[in-house]
Amino acid sequence: MEHRWNHFDEAGNAVMVDVTEKEITVRTAAARGRIQVSRPVFEAIAQGTAAKGDVLGVARVAGIMATKKTSELIPMCHPLMLTKAAVDFSLKEETGEIEAVCTVRLAGRTGVEMEALTGVTAALLTIYDMCKAMDRGMVLSDICLLEKSGGKSGHYERQGI
Amino acid sequence: MEHRWNHFDEAGNAVMVDVTEKEITVRTAAARGRIQVSRPVFEAIAQGTAAKGDVLGVARVAGIMATKKTSELIPMCHPLMLTKAAVDFSLKEETGEIEAVCTVRLAGRTGVEMEALTGVTAALLTIYDMCKAMDRGMVLSDICLLEKSGGKSGHYERQGI
Amino acid sequence: MEHRWNHFDEAGNAVMVDVTEKEITVRTAAARGRIQVSRPVFEAIAQGTAAKGDVLGVARVAGIMATKKTSELIPMCHPLMLTKAAVDFSLKEETGEIEAVCTVRLAGRTGVEMEALTGVTAALLTIYDMCKAMDRGMVLSDICLLEKSGGKSGHYERQGI
Amino acid sequence: MEHRWNHFDEAGNAVMVDVTEKEITVRTAAARGRIQVSRPVFEAIAQGTAAKGDVLGVARVAGIMATKKTSELIPMCHPLMLTKAAVDFSLKEETGEIEAVCTVRLAGRTGVEMEALTGVTAALLTIYDMCKAMDRGMVLSDICLLEKSGGKSGHYERQGI
Amino acid sequence: MEHRWNHFDEAGNAVMVDVTEKEITVRTAAARGRIQVSRPVFEAIAQGTAAKGDVLGVARVAGIMATKKTSELIPMCHPLMLTKAAVDFSLKEETGEIEAVCTVRLAGRTGVEMEALTGVTAALLTIYDMCKAMDRGMVLSDICLLEKSGGKSGHYERQGI
Amino acid sequence: MEHRWNHFDEAGNAVMVDVTEKEITVRTAAARGRIQVSRPVFEAIAQGTAAKGDVLGVARVAGIMATKKTSELIPMCHPLMLTKAAVDFSLKEETGEIEAVCTVRLAGRTGVEMEALTGVTAALLTIYDMCKAMDRGMVLSDICLLEKSGGKSGHYERQGI
């Protein structure tokens, strides 16, 4: 079986893979993740969005700033000039979860999946940080790529979201 | 109901909370997370650890380096002088998951939960990055604090791991 | 006349001055600055604080995060483990100015004036950035140290604030 | 009244605005700022430029390096590949002020005002840092955009400089 | 004699030189360096590559990540979007040296020599760090540019390598 | 033979080694390195130190700032609160070399060799950068630890400097 590693050379050594010859196209990616919180935390967050103690406002800034740090965190990621980054939250009343979606865009030579995943993760970790005095048992889960477009590998859309 | 926010002042504004008067004690934290991968990815990773294409070796370095970047990523985290950071992986043959545990330690005025969580997350995202050409459907989950000790809030150990 | 440079050696070369032997004491600093904005910008900011378009919320996060980057920006600053950072705003209705005050604290060997000044400046620059589509003529001014305490040089309080 | 926020979406959430479709054009920006210093500090700086204790040399390096950190400091700024950055100082004998002007340039999809403003501010803060043992009362003021060109919003030139 | 400084303006002030009008071409650079180690260190490294204690694996990641940090370290370097980075090692049995070569590539307006040199240096320093408990006398040497291509200054190849 | 790796655990995995229990002592380190330059470059640098085109002034700032970035560059280095950093140059007329020595100090739990070595290397690379338009054949060499003190491993002094 032949593995299609994208970040190792033929000798098995890690490499920031050569994308110099790739075409510059518009590329987008959206990633999603959730954090399961206790009921008091959920209600505190829900109330904060409207007024004081805006947990999600801080987490959104953290997520957007983290997309710009992706190539410093993920060793083989190319530095990229993102031209859009956004983080949106939805409060899942029935399950007590906060869902975050991070959307990233650029015109460049390589995709932005990692930037979207890094943004969503940093946003969720920030929620954890700001609520941890109330609850240390929060769990992050379902962090995955929802969709990507652009580039040679084409369009990807997650099934059964 | 009174919320015990640790990162907002009385006016509801975000703040890097004052820990100046807290005692310097030895503090540790361990966090855990998993990534669900396809069978070919699982096997490629398992083979790589022994020889070429060492995905976990790169992910370990990424995780350790990320613990040192926590206060740059999580807005209200204090800068900390970590005195230990480690990332360990286990391959869950039966479920096709890679599990990562990040352990962090310091003698300081505030806990290191966020550092452990940031380290484990960066390690898992690096696995995603290095295998994404084979499988874009990988999912990160079960990212949580396993244990912490030190400081006034005392010992925490996750139940029913 | 003998100049008391704190960041040059006897040969006139820049140096990160030796503070190894200085005592660890609690040190605080507060810095202040203002941004003069047009009336429409002022009103938009005032409305945003209560609900949507929270300019000051984003600027506060930027200011707090910038305090942690001070030693990366100011060449001869020592890296410091801040134990508190906060940014407060007041809206000066009569003059159309937004005032920011950044307060920083730590127990350490050297003062935190530069951290407070860096925090207040980054907060004001963020206000500029988020409002610049409405008005490019905004001016930052009156950026200065309000107060510092701790260390051998003792207490400083700005006269005639 | 409709506010033309450039960094909030319709729901009022902060966003790194989408500039993907904007044209790549040459864009320049120049920003200016001043620091008011005491007479002994002024003279020390003036003497230093010619020989030892080169405060302005260090401040220039700090300003240029800070332009490259803009997108790490200002949350909604796009990462940009600057193709020029310079900082110039003039000594205002009559008022005891040091004036700094930072000029930035690139061929890109969005303007470089924030980079010029960040550069000029970091340069002035570095002057403060290097002279603060002599005088803690220094004040930064008049930090503003002098001129910008390129892009759809066109040319801007500050009136009554 | 006229000096062709590339990083000073006519007044002798440091500047990040204007490359805005330069053509975008494919540019590559390769740099090399060596570390002289003691025999026990050499053998430990040689054994580690095959199994446990993979010094070179960690050093390779460090070198690749450092190429992306070049413009943060070298004050007048332009920020660049590298499209390839690799580090290769060879073990010189006869001399007890480890040789590192770093290769970098991009399509851009300025060359990548400094990125290649920074990558090779960080890789060698990481070897030093990981072996320093065994031997503090290791020496880095022969760090130089091997080859560069692209841009107006054309092809350069080191003679007598 | 048993290797005393300081940055691998018993399983051979890289780790940021636990120094939590180490004593806080004053620790210093000095590192040295050289860059061989052509005669025109040497003369240009020598003239620049006295007046315009101050290559060594910029390189000194770069070296000092790099000491603060060590733990971001060298994967297993602990983040440290340096309390002194300096870089000194000497011009070796007879050999056409510039020599740099970087001295670092702190009161902490682990040594600062890597900080001194990183500082000296960044200073030399900056000289290369600023002179490379005149000469691409410059070579960095003899980068080594001169001396260290403090901590359990005690005093080290390089023989036959």
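The letters A, B, C, D, E and F name the chains in turn, as written, and every chain counts its residues from 1.
Here is the rule we use: contacts are C-beta pairs under 8 Å (C-beta built on N, C-alpha and C of every residue); 3 or more make two chains touch, one makes a residue touch a chain.
Keep in mind that this is a model prediction, so the values were computed, not measured.
Residue numbering shows that subunit D and subunit E use the same positions for less than half of their mutual interface. Most remote from subunit E, judged by the distance between CA-atom centroids, is C. Between the Cα centres of subunit A and subunit F there is a gap of 37 Å.
Between the CA-based centres of subunit E and subunit F the separation comes to 16 Å, rounded to the whole angstrom.
Per-chain CA centroids place subunit C at a distance of 31 Å from subunit F.
Among the residues of subunit A, those touching two or more other chains are numbered 13-14, 51, 54, 57-58, 61-62, 65, 69, 72, 75-76, 79-81.
In terms of which chains touch, the assembly is arranged in some other way, matching none of the line, ring, star or all-to-all patterns.
Every pair of chains that touch is listed here: A-B, A-C, A-D, A-E, B-C, B-E, B-F, C-D, C-F, D-E, D-F, E-F.
By the touch criterion stated above, subunit E contacts subunit B in their complex at residues 50-51, 54, 57-58, 61-62, 65.
Against subunit C, the residues of subunit D that register as touching in their complex are 1, 3-8, 11-14, 33, 40, 43-44, 48, 51-54, 58, 61-62, 65-66, 69, 72-77, 113-114, 117-118, 121-122, 125-126, 128-134, 136-145, 148, 153, 156, 158.
Taken in their complex, subunit F has these residues touching subunit C: 26, 57, 60-61, 64-65, 67-69, 79-86, 88, 105-107.
For subunit C in complex with subunit F, the residues that touch the partner chain are 9, 13-20, 22, 71-72, 75-76, 78-81, 108-110.
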